[in-house]
Amino acid sequence: MFLKFLPRDINFFDLFDKQVSYAVEAAKYFKVIVAKGTFDEESLRQMKAFEHRGDEGAYAIITQLNKTFITPFDREDIHSLAKEIDDIVDMIYTIVNRLKVYNLSSVDKNLLEFASVIEQAVLLVASAVKGLRNMKNITSIMDSCREINRLENVGDTMRDTVLAGLFEDGRDAISIIKWKEIYEDAETVLDICEDVAHVVEAIVVKQA
Amino acid sequence: MFLKFLPRDINFFDLFDKQVSYAVEAAKYFKVIVAKGTFDEESLRQMKAFEHRGDEGAYAIITQLNKTFITPFDREDIHSLAKEIDDIVDMIYTIVNRLKVYNLSSVDKNLLEFASVIEQAVLLVASAVKGLRNMKNITSIMDSCREINRLENVGDTMRDTVLAGLFEDGRDAISIIKWKEIYEDAETVLDICEDVAHVVEAIVVKQA
Amino acid sequence: MFLKFLPRDINFFDLFDKQVSYAVEAAKYFKVIVAKGTFDEESLRQMKAFEHRGDEGAYAIITQLNKTFITPFDREDIHSLAKEIDDIVDMIYTIVNRLKVYNLSSVDKNLLEFASVIEQAVLLVASAVKGLRNMKNITSIMDSCREINRLENVGDTMRDTVLAGLFEDGRDAISIIKWKEIYEDAETVLDICEDVAHVVEAIVVKQA
């Protein structure tokens, strides 16, 4: 009971490092399978494994939070951070699942570009989240957050261009339904990365 | 003014019992009309009545929360719980509304399966929420939550199978647009049930 | 450092007045371009400017919140209010962006009706939010909130009627995909206005 009131800072940082590492693995694996254009049972199974570990990572953080009295930063920020990082992996899994359900097994140049921007953004998310353990280098954390915001804008423009192209190149409605959803979900991954960046920025501002 | 600071535990539990009972009624009625394939003015009116009572139930809880100093569990958990239970009824209403707007008046085997899983999940939600009044049987509460999570996974697989079928059976794009939305919304009801389960689990963990 | 603990009430109200004024400008401009049916580079650029100022307005409020110890009302309500007002402008921008991406450059009677209801709702949002500075006239604040709720219901009915029409008038699936999204997003603006009204109502109830 007494232990409940001791700070458990190291624990939270370790848990976040772990959780964010699943997001990085998922983003990297996503780029690999998009480059190969294979969205089969095996790629889905592998992506599901990342998603499952991400879930467990978030669950570990929330459970720890509910048991801990003193936390390294605001409780609601810990909660948001765990949830948003989880959402990154969930959304990447959702995309792969839809690619399989829609039977879209080819290399798509636009999706490959998205996968590359997503990988960059998730690596920056990992760097920003890991930076929280040691607030020595606030400038570097804030630089990562700013770069994530920039990539989210890049993603918006990419999505608009790709969607306009989808409707202009005379393809059938069913193909439009499928790809519109895939590209929008890809852009949503970047939106979620931006949400993580906002939580990290808020944590830094409050500590400053 | 003095009363404001007295515990009002019973009140909250009564309010939650009431609110969750509207969700149960909505889920049961949904299964009935899906089995008949009638989404007419009358079924929508009836479903709107549940949705309206659900709204009032949530409103009563939030109002009580804003007036009460000491609450039986964390304020943000009370808030989330009221909101998520409300979302269950809202989403079931949304489905019935769309079935009517899209003029889909036939018995659909897949939707009937969803309606059945939804009913099971909402009954478990009711059981878990009612369990909070008396924490004697934590195992039973946690069993309900685990079973809700399992049903959400069942729903995911159902949705994937049904969506893949929609695109494979050569039907026209307009029919795909309509049914894709209906099935996805049906699965969303189960997602919301899972969200309720997560809030309940958090409440139990904090009290343990 | 000492200043950090001084109340900054006036500041928050000034910041909210500013932020809500961008939402009003965006809603008015939206009605103008919908009436002209021109969704070109210039209208998008102008709408982006509102969206950008809205973002900065929200950012200023959140930053101020993170630096301030004593706030005029609950921290989470300030946070929600800033976020929801930002969401209004974001969603209006999203609609204009999609109208341009989808190359929909004509006057649409239904969209014009939505634009008019949106303008009314956003003006009421501004009135309700500004009312918070001075709680003298609670009746007037609550009246605005009630009227916003009414307009959201009006929007629901409009969307249902318009969607049913889209599917009934024999148009092609690609046109349905585009306009269905536009009308649903238009109705979402009203949903967000209702969310703001709910936060305002909660603030009033807590102060009462």
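Order as written gives the chain letters A, B and C; numbering starts at 1 within each chain.
Simple rule for what comes next: contacts are C-beta pairs under 8 Å (C-beta built on N, C-alpha and C of every residue); 3 or more make two chains touch, one makes a residue touch a chain.
All of these numbers come straight from a predicted model, not from anything done at the bench.
For the touching copies subunit A and subunit B, the fraction of interface residue numbers used by both falls below half; the interface is of the different-residue type.
The rotation relating subunit B to subunit C, fitted on Cα atoms, comes to 120°, given as a multiple of 5.
If each chain is reduced to the centroid of its CA atoms, subunit A and subunit B end up 27 Å from each other. Contact of a single residue of subunit C with at least two other chains is seen at positions 76, 173, 177. Against subunit C, in their complex, subunit B makes its touches with residues 62-63, 66-67, 76, 97, 101-103, 172-174, 177-178. For subunit A in complex with subunit C, the residues that touch the partner chain are 76, 160, 163-164, 167-168, 173, 176-177, 180, 202, 205-206.
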